[in-house]
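You will see two complexes here that share chain A, one where it goes with chain B and one where it goes with chain C.
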Partner chain A sequence: MHISDGILDTGIVMAANVVSVGVIYLTGRNVKPEEIPKIGMTGAALFVASLIHFPMAGTSLHLGLFGIAGIILGKRAFPAIFTAILFQALIFQHGGLVTVGINSLNMGAGAYAAWLIWRTEALPEYLRSALAGFVGIIIPALLMSLEFQLSGYGRGIFYLFSIYIFAALIEGAVSFSAVRFFRKVKPELLI
Partner chain B sequence: MKHSFLDKYGHLNSPLHRIDARIKLLSAFAFILIIVSEPRGVLFPFIYYSMVIAVLVRVSNVPGRFILSRCLIVSPFILLAAVFYPLSSMITGDFGGLPAYQAEYRIALSIILKAFSAVIILTLLVSTDKFHNLLQGLRKLRMPRLLGIISALMYRYIFILTDEALKTRMARESRTPGKLNINKFKVYGNQSAMIFIRSMDRSQIIYNSMLSKGFTGEFPGMQKTAISGRDVAFFIFFISILLVIRLTNTGQFCFNI
Partner chain C sequence: MTIMKKVIILFVLFALCFNSKIIAHAINFETERHAPAVTVKAFFSRSAPLVNARVEIYAPESEQPFQTGRTDQKGIFAFVPTVTGNWRIRVDDERGHAGNVSVSISGNFFEAGEAGETEETEETGEITDPAAEAENAAVYREEEAETTILRDIPLAYRIIFGLSLIFGITAIIYASRVRQELNSRNREA
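What follows is the complex of A and B.
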């Protein structure tokens, strides 16, 4: 799900870098000292979660956990996601150095959408948790499709990204199960 | 514990290893930016870029086999994106005839060249210094303070959490062998939640111990070393070469590529 350097139009990528700096400022303002370890460790968990692979259509996908990051951190998920993506780019070359901004905005939008759903108390918790996991993947996939199309790829790219529906369904199931686990073991994590 | 995915060759000694991390970060970013800003479909300058990359690889002492393995790992994503450039317009019936088809394949090739060049540069960046030096370099380059603290914390926990993830993965695989089914998702969920919970608990303990030792968000151990004149000279020379390649089309008139 990470976009490598050289794939997208450079103008879009650089504009995203500028926007991501603004988003870091907005989402990182007035952070309380007690929030810092939570943000840092969610970032580390996002990084490590990428090592958990599951088989899918002859290949393997890894967990994103952006929905869970949104549930746990709310708007503070963005700095954690940005740092995790920077680490993944530097350590594994997943994604790129110049594309850290656009990748973070994509995944961050997923986490933010998950947070908004999680806060909708009209829905039962099991549904909110599953939907949060689902949108945590599907929103980044939709944004990526849009960015690919803006970069000159044809409309067919939307077919390619439709495979993420399955990944999003799996992530929804994982998120539902994880939130149930949190509720039992450490409910104070759920904001 | 030692994880080989992190700065495996950072301990080597080469002219590239001796360059200040800040200069390396800026050079890598500039190099990638110059390469990706080449107009799509332009192939000729990549002969020069590949020469520059080959020299850097040779000077770095990082094994070519390692760099190749890193390229192979990310190659499915890059090749898929490149192949889909011409393919996506064909799928939807927006096919513009043979000339357009050829142009699109040229663009696909330039995407492949850009992406793999960037992967090699990134691999060289992280293989020619210790990872914590690169993080320190980012902080010295005025990375936002919050990101500096988060990255410092993340670096401390990645090793522990990776071990936890590998252990829980082994436990999961031994409990749920075979095909993917609904029970497996429950285990994936529990495993992810367990990683989060363990990470939170550990983070709180370590952060409290950092606070008790006087941590205020600053990094007093970070030496304010000045960048040497030799490193600055390298940066200017390196960027000048790249800009000459980028801004001129030296030799292109001889070849129709």
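What follows is the complex of A and C.
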């Protein structure tokens, strides 16, 4: 899921960095002090979540928790995701440092989509929470495949995409149980 | 200065202290004096050797090269000094980096049976050709990706390190945001 340095077209990567700084400003603007600890905690959870690996079809997948970040933080998920990805790149060498922008835009898009689904009141809550978790992985995977396609890589990346469907299913289950847990323990966390 | 600006500056500074080697490649030299030859090993920060780099060796008080050559696959070259004094060596990889080192040869170097001595110096690489530097930056980044400071630290410590940084940044932003809020409330009152 994390794109490394030197794989994508430099133009795309640099543009994504500029855009993501702008998006941080837009999503972090007028943040209320009481929101900040929540953002920090979610960022910390995202930062660690990527270390939980499970083997799958010859490669290994890890949790992203972008769906849950979207559910808890809404549009404020982006600064948390950016921070988590930046520190993953710096401390775990997980994904490139120059590609922090494009990675966080991909995953931020997943979190935003998850939030949009979470806000759809028409659906029952269990369905919304599972769908949000699913979308939180599938949107970034889709974007990543698209970016690889734009940079002139072949169709092999779509094989990778099919693996992410499994990851998204697992993520959906995680998000479902997390929302159930929050509803029971700390319902005010769910906007 | 807004909080956002402060945070961005913090991030940039933080990134810089992890990747300073990418911006100005430090070239390290390890010289070994062992009569009758001096062996010099040239390498980037931690491991990557300067392979096939141009070497110019200048005798003390001489502007003409005493010897020219290239480093081998391990970034090593050797020469046999003839007089005492400071021998200057310039290594240029022709991909945009160069470094200088000098080796002082004293009188007892030439006396038979002297034990060898090893010394390590670090020179900040000068960028000789910005265009070539930019072109080859990706190659070096790959070579040096393995040389970040944190490579040898156990994973558990790295996790704690990362978490404490995230919590610390959160606390800083929280504190300054609360202060802003209080200030504006005071102004209203």
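One rule holds for everything that comes next: the second predicted complex is superposed on the first by the 184 of 191 C-alpha atoms of A that agree within 3 Å, B and C clash if a C-alpha of one lies under 4 Å from a C-alpha of the other, contacts with A are read in each partner's own complex, and residues count from 1 in each chain.
Methods note: contacts are C-beta pairs under 8 Å (C-beta built on N, C-alpha and C of every residue); 3 or more make two chains touch, one makes a residue touch a chain.
Since the model is a prediction, treat every value here as computed from it, not as a measurement.
Engineer: Mind checking the superposed model to see whether chain B and chain C fit together on chain A or clash?
Structural biologist: clash
Engineer: Regarding the shared-chain residue A:D5, is it in contact with chain B (first), chain C (second), both, or neither?
Structural biologist: both
Engineer: May I ask you to decide whether A:G40 touches chain B, chain C, both, or neither, giving the answer as first, second, both or neither?
Structural biologist: After superposing on A, A:G40 lies in contact with both chain B and chain C.
Engineer: What is the contact status of A:A77 with respect to chain B (first) and chain C (second): first, second, both, or neither?
Structural biologist: So A:A77 meets neither chain B nor chain C here.
Engineer: Just chain B (first), just chain C (second), both, or neither: which does A:A49 touch?
Structural biologist: Touch partner of A:A49: chain B, not chain C.
Engineer: Examine A:I137 and indicate which partner it touches, taking first as chain B and second as chain C; both and neither are also allowed.
Structural biologist: Touch status of A:I137: no partner.
Engineer: Does chain B (first) or chain C (second) touch A:I102, or do both, or does neither?
Structural biologist: A:I102: touches no partner chain.
Engineer: For A:Q93 in the superposed arrangement: first (chain B), second (chain C), both or neither?
Structural biologist: It touches chain B and chain C both.
Engineer: Check whether chain B or chain C contacts more residues of chain A in the superposed model.
Structural biologist: It is B that touches the greater number of chain A residues.
Engineer: Mind sorting out which residues of chain A both chain B and chain C touch, each in its own complex?
Structural biologist: Common interface on chain A, chain B vs chain C: 5-6, 21, 24-25, 28, 31, 33, 36-37, 39-41, 43-44, 47-48, 51, 83-84, 86-87, 90-93, 97.
Engineer: Which residues of chain C touch chain A in their complex?
Structural biologist: 4, 8, 11, 14-15, 18-19, 138, 141-142, 145, 148, 150-151, 155, 158-159, 161-163, 165-167, 169-171, 173-174, 177-178, 181
Engineer: Taking the complex as given, what residues does chain A use to touch chain C?
Structural biologist: Against chain C, chain A makes touches at 5-6, 21, 24-25, 28-29, 31, 33, 36-37, 39-41, 43-44, 47-48, 51, 83-84, 86-88, 90-93, 97.
Engineer: Would you mind writing out the residues of chain B in touch with chain A in their complex?
Structural biologist: Listed in rising order, the residues of chain B that touch chain A are 5-6, 28-29, 32-33, 35-37, 40, 70, 73-74, 76-78, 80-82, 84-85, 87-92, 94, 107, 111, 113-115, 117-119, 121-123, 125-126, 131, 134, 144, 146-147, 149-154, 157-158, 161-162, 164-166, 169, 180, 182, 184-186, 188-197, 199-200, 202-204, 206-207, 211.
Engineer: Along chain A, where are the residues that touch chain B in the complex?
Structural biologist: 2-7, 10, 13, 21, 24-25, 28, 31, 33, 36-45, 47-49, 51-52, 54-56, 59, 63, 65, 68, 72, 79-80, 82-84, 86-87, 89-94, 96-98, 148, 152-157, 159-160, 170, 173-182, 185-186, 189
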